[in-house]
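What follows is a set of structures for review.
Note that subunit A is present in both complexes that follow, paired respectively with subunit B and with subunit C.
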Partner chain A sequence: MLRARKPARGLAALPLVLAVVATILLCLFPAVVSSPYTLHVMILIFLSVVQGESWNVLGGYTGQYSVGHAAYFGMGAYVTIMLLQFKGIAPWYGMWAAVAAAIVLGLVIGSITFRLRGPYFVLASIAVAEIIRLVTLNWKEVTNGAEGILLSGVPPLKIGETVITDWSSKVPFYYAGLALAVLTILVNYAVQHSKLGYYFQAIREDQDAAHSLGIPLARYKNIALAISAFFTAWSGAFYGLYVGFVDPSTVQTVEVSVSIVLICIIGGIGTILGPVVGSLVLVPLAEALRSNLIADGLFALGLDPTSRTGLFLKENLAHAHVLIYGILVVVVILFMPDGVLGYVKAVTRKRATRTEAA
Partner chain B sequence: MIVFLQSLLSGVLVGGVYALIGIGLTIIFGVMRIINFAHGDLLMVGMYLTFFIFTLLGIDPFLSILVSIPLMFLLGAFLQKVFINRVLNALPQNQILLTIGLGLVMSNTAMLLFTSDYRILTTSYSSGSVSLGGLSISTPLLLSFLITAAITAFLYWFLLKTDIGQAIRATAQDRDAAQLMGINVKRMSVLATGLGAALAGTAGALISPTYYIYPQVGSAFTLKAFVIVVLGGMGSIIGATMGGIIIGVTESLAAVTPFIGSGLKEAVVFLLFLLVLLFRPAGLLGKSRM
Partner chain C sequence: MSAPILEIKQVYKLFGGLAANSDVSFQMEEGMILGLIGPNGAGKTTLFNCITGYYPPTRGEVLFQGKRLNGLEPDQVCKLGMARTWQKVRPLAKMTVLDNVMVGALCRTGSLKVARDIALEQLHVVKLEHKNGFLAGGLPIGERKKLEVARVLATKPTLLLLDEVMGGLNPAESDEIIQLILDLKKRGLTQMVIEHDMKAIMRISDRIVVLNSGAKLAEGLPQEIVSNKDVITAYLGDALE
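Right after this comes the complex of A and B.
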């Protein structure tokens, strides 16, 4: 026992050191790389990490899959942007209204469905996200409907009279995104290692056992949902300010909800690093498809760009990222239900036992 | 008053088709305890199938169901054998995600193949109407309702009176007991999915003369199908039939209600869904099974 535990303890410090080193390197990154496109991709990765880690608190640790997180994401983006654009309220105040709205929305869904057993929560989460989307589309006087809202600018962030940033480059967004990503990762760490988190995980593993131990199921599921909605709304606000435009089809559709789930599924549900791995897979993949890198790569490998397949790929791969998401979901669920992280772990464990046996 | 009656009537007619969608979903759920999130996308496939049979071969949409029913049955059976069968014992969440993934693949493949343009299938009777006691009924809607009624009646007969139908119902009631009684539950799962897909495809064919056809049309119907099934009690075929009619009427009346209108009629349906979950989560008919 003792001998087995000692190296494990030494190893336990390693991830912490790696995490700190990675964070420091990421902080220095904009000083070295100034390409706006690279920074853009990094910001998208941070956004995706924040979305994934937020979903993970509810879906990963508590086992309540929401396929309606676009509701909270869209709420965060819309409320922040509407308050800024129409009322002139600075986003760092407006954000709180957005977060509050998202939490209230989450608690409404939660208090209706968490008393029930079965797939009702998933169904209700989608239904509510659709209600929100339809209301946004049709309540044109307030939300501008399908046209969306174009932001005319983010006011400079000041402390006292000193201007911290005027948001004119990608760098401030980079640091804001990095800070949010680190924060949500820390939240997941805290959830995994706290009493609250043990309650969540007990509920995920066995509801009846958790209930018989005196854990109020509905209350703790609602707490997980509130935490999740809180950070998802933040990510929405961040997205809205960064892109400077929101409309129902980019922030409120079922596809948005599915892509948030996908970040965790690909990486590994219920692990701290899962959403990070998922983001590192999905964001570059989506970017490569969008910029036709994959088609170009196939041409470089010898596929004739003027042939029928070549033309078809060139024309369509850029729009195919949702199709590829769909294929990824199917493949991952069938062949690596624990995500990339779980798959890698299983493979290395197998190899380790094989070498031990040999 | 005349507007009210008119909407009520067209609600019932549309509701018939909704019932067909709901029955398909409820059969799949009953036999395998899996919620098919790709149900609306199967309906979309049925719509495109009908559209191309009509435009390329010139076969009437209501006649084309004779072709599309067996094709959709095969598609459903294929999806069950290759994909869904592998997750029968997986976590419910993973089952849901798998069918969501399948749905995304279907709708986005359709988008690649047929672009996201809205297509309209216009028949000679598309804008025709029959008048009945002062109310006018759209001809395609009436025809589709009559066909729906015939199919539903046939389905009830099939499930209640034939051996295979009873085996499907037995599997839905208790999978293990059914297996012990010598029922091939694996085959029943394939049959149920095929049947569900065929019903979704038929519904798609029947509404194609009155709806826009586009790759993303399915997701709205998937959601509506859930609402119908939960409203009627999950797994209950009679419930799904009633649920379909109720949803059709609700939607139709919401569309003519001031301040709601046709843009928000679906939001009203989803709101109704939340109310059902709040007050009567077992569905209107309680926990009855098939």
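Right after this comes the complex of A and C.
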């Protein structure tokens, strides 16, 4: 029989220490590493962590799969950037409008589809994300359509008269991303260790049972969706400011929605650490594929770059990231249905019982 | 006599042309155990579903402590103090036994600490506290049934509806559940029990309602029911000529 972990009373000591140490190391990281590319990859990892953690609240804990989180991500990015570029509203204010818009959007979808059982929410989430993308694409007077919006700059962040940062390097974005990731994880942790978390999981496990135990299903699903939309929109706003450019094809496509889901599937659905692990796997992998590191690695191992295979790999591997993603997903679903994190846990548990038995 | 805690008035539940319940009426007084029996397909579980808000009755009304329940959702019914178990147990499989019962307890409190205390108390009542840290999905059937009971008890009901809590249990486990039901009665909890085990139902019930093909066939004291000709016919068929 499966014996579960002891019910956690607050954070257990060791993981807490590890988490604090990791955060401190991450805070010191830019002082040691100054390569803009490394910082860029770290920022993408933070962004991915925020996306994964927010999807996890709804998909992982509450069991309501959304394949349309690009809607909230795009809403966060677009509203923030539009307010900044067209109205001159500083992003730390505009962001809240973006978050509010995303939550309203989520609650509209949720209050219609959560009353139904079955695949309606998934379908509606995909459909609404597409609608939002098409509206953005065609409502040119407001959104610039397919051209997208190029940001002319992020205003310096001031407290009083002191300029804290003028966003001229990657370092401030690094810290902003880190803060966002840490905050998202903390909020997620707090939610999961409260009444909300218990109710979310009960809904995931058995809706009828949850209903009979006094849980208003639609209300709690909507709460989960609102929390999820909140942080996803935040990550969108952060992305828009960091890249300085938004257009429908980068922030609102199905690919964005799917990649958010993948972070959780690969890392491990329904755990706090899962999206972190997923991000640590996926972001470096995507970067390695994009910059052809894999082909370079094979050449370094002795593959002749001028041979036919070498030329073929050099030519095509960089464009094959979707293919490799697909293979990765199949492998994970077949061999690690609980994600990388679940697999590692299962292996260590097996080892532990084996050593106990020996 | 005090006002009835539950009144079922001419309840009909139609699925298309099929009457799963037709013209069912009875009452329950506080503190009693009412046995609900009937052959398979008689409409017992449907009636439970009508009472607890899973199906709206097609016609008729259900009054709980004088309040009309028609149109309320199951969670609202639970909040009012009426809780049910499921014939096919529904453990929250990937949560621990303690967490399962805490979900029930959270119906009355927002504090995890209070909920944990309530849950531990109820797990003690059903004698399952040694399995606190186990995943609910890994329990054998007998313990799942107990978990089901502990979980609804944690919602602090005034009326408990038990749907075949002894189904699939061995005699020793059934005895434990019977004892539990009688203990709960002593504490003043009103209960409606669906059960197929006649010996058990005769032992615990103050009154019995028999359903057959969706309609009420008989109602009375246990000894009246065992000698009721219609009931015997419904269960065993007509005597051979």
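Going forward, the second predicted complex is superposed on the first by the 347 of 358 C-alpha atoms of A that agree within 3 Å, B and C clash if a C-alpha of one lies under 4 Å from a C-alpha of the other, contacts with A are read in each partner's own complex, and residues count from 1 in each chain.
To be clear about the criterion, contacts are C-beta pairs under 8 Å (C-beta built on N, C-alpha and C of every residue); 3 or more make two chains touch, one makes a residue touch a chain.
The structure presented is a predicted model; accordingly, all values stated were derived computationally and were not measured.
K.L.:
Is subunit A touched at more residues by subunit B or by subunit C?
P.N.:
B
K.L.:
Output check: A:T250 vs subunit B and subunit C. Expected answer is one of first, second, both, neither. What do you get?
P.N.:
Neither subunit B nor subunit C is touched by A:T250.
K.L.:
Would you sort A:S194 into first (subunit B), second (subunit C), both or neither based on which partner it touches?
P.N.:
The second partner, subunit C, only.
K.L.:
So, A:T23: does it touch subunit B (first), subunit C (second), both, or neither?
P.N.:
neither
K.L.:
Looking at the overlay, does A:I215 come into contact with subunit B only (first), subunit C only (second), both, or neither?
P.N.:
second
K.L.:
Of the two partner chains, subunit B (first) and subunit C (second), which one does A:D206 touch, if any: first, second, both, or neither?
P.N.:
Second partner only.
K.L.:
Classify the contacts of A:V67 with the two partner chains as first (subunit B alone), second (subunit C alone), both, or neither.
P.N.:
It touches subunit B, and subunit C stays clear.
K.L.:
A:E130 in the overlay: touching subunit B, subunit C, both, or neither? Say first, second, both or neither.
P.N.:
first
K.L.:
Both subunit B and subunit C contact which residues of subunit A?
P.N.:
none
K.L.:
Which of the residues in subunit A end up touching subunit C in this complex?
P.N.:
Residue list for subunit A touching subunit C: 1-7, 193-195, 198-199, 201-202, 205-206, 208-217, 270.
K.L.:
Which residues, counting only subunit B, touch subunit A once they are in their complex?
P.N.:
Touching subunit A from subunit B are residues 35, 83, 86-87, 90-94, 96-98, 100-105, 108-109, 111-112, 219, 223, 226-227, 230, 234, 261, 263-264, 266-267, 270-271, 273-274, 277-278, 281.
K.L.:
In the complex formed with subunit A, which residues of subunit C make contact?
P.N.:
Residues in contact with subunit A: 52, 54, 73-76, 78-79, 83-84, 86, 90-96, 98-99, 102-104, 106-107, 110, 112, 115-116, 132-135, 137-139, 151-152, 155.
K.L.:
Touching subunit B in the complex: which residues of subunit A?
P.N.:
59, 63, 65, 67, 112-113, 116, 118-120, 122-124, 126-128, 130-131, 134-135, 137-138, 254-255, 258, 261, 265, 316, 319-320, 322-323, 325-330, 333-334, 337
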